[in-house]
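Presented sequentially are two complexes of chain A, the first with chain B as partner and the second with chain C.
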Partner chain A sequence: MATTLFIQRGDIAAWLADTAATHTVYAPLRDKTGVHFHRLCAQDAAAQTQALELDRQAQTPPKNVLLPACETLLEFSYAKQEDGSTSLDVQPVMPQGAVLLFGPRPCDARAFTVFDRVYDAGRGKDPYYTARRAATVVASVVCTRPEQSCFCTAVGGAPDDTEGSDILFTPVQDGFIVRPLTQAGEAVLRHPLFTEAAHREEEAADVCAAARAAVPCAPADFTAAPEPVAALFDDMEFWQSVTAKCLSCGACTYLCPTCYCFNITDESNGLEGRRLRTWDNCMSFQFTLEGSGHNPRPTKAHRYRNRIGHKFSYYPRIHDGALSCVGCGRCISSCPVTMDIRRIVHSAMQRAQCATPEQAHE
Partner chain B sequence: MNSPQDNLYLPYMATIQEVVTETPAIKTFRVRLNDPAAMDNFQFEPGQVGQLSVFGAGESTFVINSPPTRKEYLQFSVMKVGELTGKLHSLRAGDQIGVRAPLGNAFPYRQMQGKDIVFIGGGIGMAPLRTLLLYMLDNRGDYGKITLLYGARSPADMAFSYELPQWLERDDMHTVLTVDNPADEWPHRVGLIPNILKEMNPSPQNAVAVTCGPPIMIKFTIQALHELGFADEQIITTLEKRMKCGVGICGRCNIGTEYVCQDGPVFSYAQLKKLPNEL
Partner chain C sequence: MPQLESLKDAIAKALPELDVVIAWGRGLDALGATPLFITKPEDLDDMILGPSCVHNLATYLPGLRDRKVGIVVKGCDSRSVIELLQEGLADRDNLTVFGFACSGVVNVPRLRGAADRHPVQSMEHDSGQVRLQTDTGPVALPEAEALAAKCLTCTEPEALICDHFAGPHGTAERAAASGNPQGTLERLEAMDFESRFRFWEQEMSRCLRCYACRSACPLCVCQDHCAAQSRNPHWVTQEDTPREKLMFQAIHALHLAGRCTECGECERACPMDIPVLALKQALNREIHRLFDYRAGTDPQATPPLFHFKETEENIKERDW
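Right, the complex of A and B next:
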């Protein structure tokens, strides 16, 4: 990879504005409701980037960039033929164009690797996701201001983690020390505002070390959770007690950078229509409701058990131990009834350990 | 991305050749893919499923219940339970639908060679068994004794009624039909499937039982099979779940680590016992 680079803080906006001419650029901007990833308009990018916000975590993750909340998979149209029959035409609608996602924290970039293992793997290559992934450059910024709810280091990540990113920006006093991680990342950095900065690598390393030290302590190392969480499957008393206050609102799923479950529905208007893919929510009763009326996950306790099971047990068992949680903490900070996934997974681990005292001594 | 081979969400366009009304609630659709080459090259194994699309209504999963040995058409039997199945029931020969198939795994029909086979089907659960049964009848020499126990609530609820006389007549298979309650002009058995199965008393010796039906029937059928001496490995079933993508991505049909659309729908009872109890 190319050498380490440097860009002044005040030049980021100009670089993004220039890049917006060739790429669809997303960046975290302040708006009336907080900080969210917005798409920059090529014409207006310079003005928009006034609201660039890198010091606070965006309330919503940038998963929309690779997995839109709603996307058209297919378009269809029926037509009456002269002989009285009806013809049907179905066309896929594929994503187009290059994308730069600037400014996600490393946890949000790492979440894309959770998708990659599912959407871009042997089990079934998703052509929409893989097209977006291949066309998107992810330029992450080292997280130097963790939230109280952050726990990336307890799930195998770090505030300077490079997994899932194409470029890592490390903030320093006068700007960013920039490390390209892939060729695609290198390509978008070919811009006169970036200068050679190999001599500042040590400075960047110091910032990263300080960032790692600043992450709040989590109650446990959750990479050890897969076995204990699986062992608690039949302990409905536990799942009922931890979900007693849950409203099944699903905010945790929509705000989660790693939640990737979706629904497919058709929408039609006269003789034309579209097949849509939309984010879905495993905390909803309808998620697994079968045509017969049977529901394998009939209560919120069953559904939350699957949510925790998927993130901390099933997914890692399928994917070499990688958890389907990056510790961003949004499900904690945004839960209307203050459920805390850290405490729940920790309780599960402790309870499983108590249930098998002989293993506790090993 | 314009062919179903490249785009796993893009169905093959297909034309309904024939609609058979099986029971008041079940219709069978015989379809051919519109692309003759795709139809000729279409490969699947008994037990695999497909997603049928009615564009504008959506998609749902059904087993391909014609056997791979009979490729004139692909057959799906659909019980009317909701929006999509209701829409399907309104279609006629000549109408266009989408087919995403084959999906999922198949019955272990190769490992079953040389064994006696006991089929136990309840209601619409007969559909997946039909695929395997016809495949075995088309390769009759590869399998031992074939026994079929097929039950429905009433004679009118029996799907594939036009085939049952042939199956009853064949001397290379033993067919027993039953309905839950006594009915006029019903010459066959009356009683619940698990009870009739116990009376039939099939030997577990070198045998495999394949069962599908409503969950409550499967539960008691497996109990009956255990009483008859069948081991967990000798019991095969095929599951249903709400599915969307059909390829292990969308995240709703999992039982623990196993995705019914991809790792299933066919499981042995030995495999199921190792999974979390979330059927």
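Right, the complex of A and C next:
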């Protein structure tokens, strides 16, 4: 891998604007409602990057870049043939073009590895996801300003984590010390604004160490949650009590960088139509509503149990212990009633521990 | 804080007869409260009262119909309770309402921004100001900026329906009349049709379709069976253009015409800060003009769209 590089803070905009000529570039920009990832237009990139905000967590994750909230999987049309039969034409719509995602925090980049294990696994590869993933360079920025709802270190991550990233930018006084992590990352750094900076690696390491120390909730460790959470599966009294205030909306799942569930719908108009894939969420009653009318998760307690179970038990059990939560804390800070996933996982671990071995076994 | 103590006393006395009392507790920090479900006396230790108590707890009532429920309400929240009673969605016999003199609640996202998202250790509201103490120092905002928009024009700081009231009546500190603050609805009405449409296209482009607006609404009673998510019949397309998202908001607003008490939970719950309350306000204005009616003010009244009169007083069909 190439050596460590350096770029001045003020040069980031020019680099992004140049890269926008060959890539679709997404970056966190400050707008009237806060910080969100926006697509830079090639012509307007220089002006847009005036609003670049790297010192605050974006309120929405960059999940859309790899898993759009709504994407057309294929287009279809029916046609009447001369012999009276009907023919069906189906055209897949595949993602096109190279993408640079600049400025996610390491937690958001780590979230892509949660998708990779599901959509880019040996058994079944999702052609849409893998096409986007292969075409996307993820350039993360070390997180030096955690939110009070952050807990990445409790779920196996870190503010300088490199999992899921192609490049890691470490902020220093005069700019960024830049470490390419993959060949794809190296390629987008071939630009005259980056200079060789191997001598500053130690400085970057100091920034990372300070960032790790700054994460709130640091002593918590949820990597041991899979067994206790599974043990509470039938403890509906517990799930009802922790979800009493939940409104059962989908804000937590749609703002979650790791929630990857979707729905597929054919939207027809006359003889033509499109097959859409859209985000779906397990907080919704319809998510598990069966054709018979039966619903195995009829209440918000059942549904929230699935949210915790999936992230802290079922997923890690089949993916070598990796949790499907990266500790970004958006589900806490953006929840209309401030459901705190940290407290709930902590309570679950405590309750399972307090139960007698017989009870836990049942 | 005598008001809080007096409420706690009343709740402690009533608790043995109730399954649960819904109040507010501390959330992330002094700026963020969270609904608190009190089932045992020691839960009262976590109870708070003040400008961070933004949630309209009446939202939980339809889901707890078969239980004996106590609920703490601000004046505005009490209108939702009344509307639920009017519509037969809550039972008065199962309900114990605790009221207090409310001096307004804050606009949390705005104060989070003002505090530059630093944790807030304390918050005070008096003399026309809201003052925060953060990790990095004090922040003060005039109440016209710091309070929720609904509080600046509030006419019911005390519960309109109540079994226990904390403290003397008439003690709520009222927001200083800071001119007539222009709301989203007034701004929209000043626009031409094209600008208004562009406004909504821009705002709705942020919508995630999480439906927090619906789930937080005390009067959105379809909830699990919402038209937006029904697949059969397939009322609403899954296409996520701003127009389609606005279509859902139109459905939501129309279902609330003459029922909405403008508590603003839809807008407050929206994680994307989309000003969806304005749509309901626009319809309420029409309801007021046509039927001289305000939702949730009289438990005995029948909402205008719940009954049919052959001749309406303010609709002169015969003159059309």
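Just so it is clear, the second predicted complex is superposed on the first by the 353 of 362 C-alpha atoms of A that agree within 3 Å, B and C clash if a C-alpha of one lies under 4 Å from a C-alpha of the other, contacts with A are read in each partner's own complex, and residues count from 1 in each chain.
By definition in this document, a contact is a pair of C-beta atoms (placed from the backbone, for glycine too) under 8 Å apart; a residue touches a chain by one contact, two chains touch by 3 or more.
Bear in mind that the values here come from a model prediction, so they are computed numbers and not experimental data.
Visitor: On the A-aligned overlay, A:N263 touches which partner chain: chain B = first, chain C = second, or both, or neither?
Guide: Touch partners of A:N263: chain B and chain C.
Visitor: In the superposed arrangement, does A:P92 touch chain B (first), chain C (second), both or neither?
Guide: first
Visitor: Taking the superposition on A as described, I'd like to know which of chain B and chain C A:A251 touches: first, second, both or neither.
Guide: second
Visitor: Contact-wise, after the overlay, does A:L276 reach chain B, chain C, both or neither (first, second, both, neither)?
Guide: Second partner only, chain C.
Visitor: Mind working out whether A:P296 is in touch with chain B, chain C, both or neither, as first, second, both or neither?
Guide: first
Visitor: A:S149 contacts which: chain B (first), chain C (second), both, neither?
Guide: second
Visitor: Check whether A:Y119 is in contact with chain B, with chain C, with both or with neither, and answer first, second, both or neither.
Guide: After superposition on chain A, A:Y119 lies in contact with chain B alone.
Visitor: Classify the contacts of A:K80 with the two partner chains as first (chain B alone), second (chain C alone), both, or neither.
Guide: In the superposition, A:K80 touches no partner, neither chain B nor chain C.
Visitor: Chain B or chain C: which reaches more residues on chain A?
Guide: B
Visitor: Counting only touches as set out at the top, which of chain B and chain C does A:V337 meet: first, second, both, neither?
Guide: It touches chain C, and chain B stays clear.
Visitor: Need the overlap of the two footprints on chain A, from chain B and from chain C, as residue ranges.
Guide: Common interface on chain A, chain B vs chain C: 263, 265.
Visitor: If we count contacts the way the header does, which residues on chain B are in touch with chain A in the complex?
Guide: Within the complex, chain B contacts chain A at residues 1-2, 6-11, 13, 53, 55-60, 79, 81-82, 85, 94-96, 98, 214-215, 240-242, 244-245, 247-257, 262, 276-279.
Visitor: Under the definition above, what is the set of chain C residues touching chain A in their complex?
Guide: Chain C reaches chain A through residues 20, 27-29, 32-37, 55, 59-60, 109, 113, 117, 119, 206, 208-212, 214-216, 223-225, 229-231, 234, 237-240, 265, 268-269, 271-273.
Visitor: So in the complex, the part of chain A that touches chain B is made up of which residues?
Guide: Where chain A meets chain B, its residues are 73-74, 76, 78, 85-88, 90-92, 94, 118-119, 123-128, 131, 230, 233-234, 260-266, 268, 273, 275, 277, 280, 282, 287-292, 294, 296-297, 302, 306, 309-310, 313-314, 317-318.
Visitor: Show which residues of chain A lie in contact with chain C when the two form their complex.
Guide: 33-34, 36, 56, 59-60, 69-70, 147-149, 241, 244-245, 247-251, 253-255, 263, 265, 267, 276, 278-279, 281, 284-286, 332-334, 336-340
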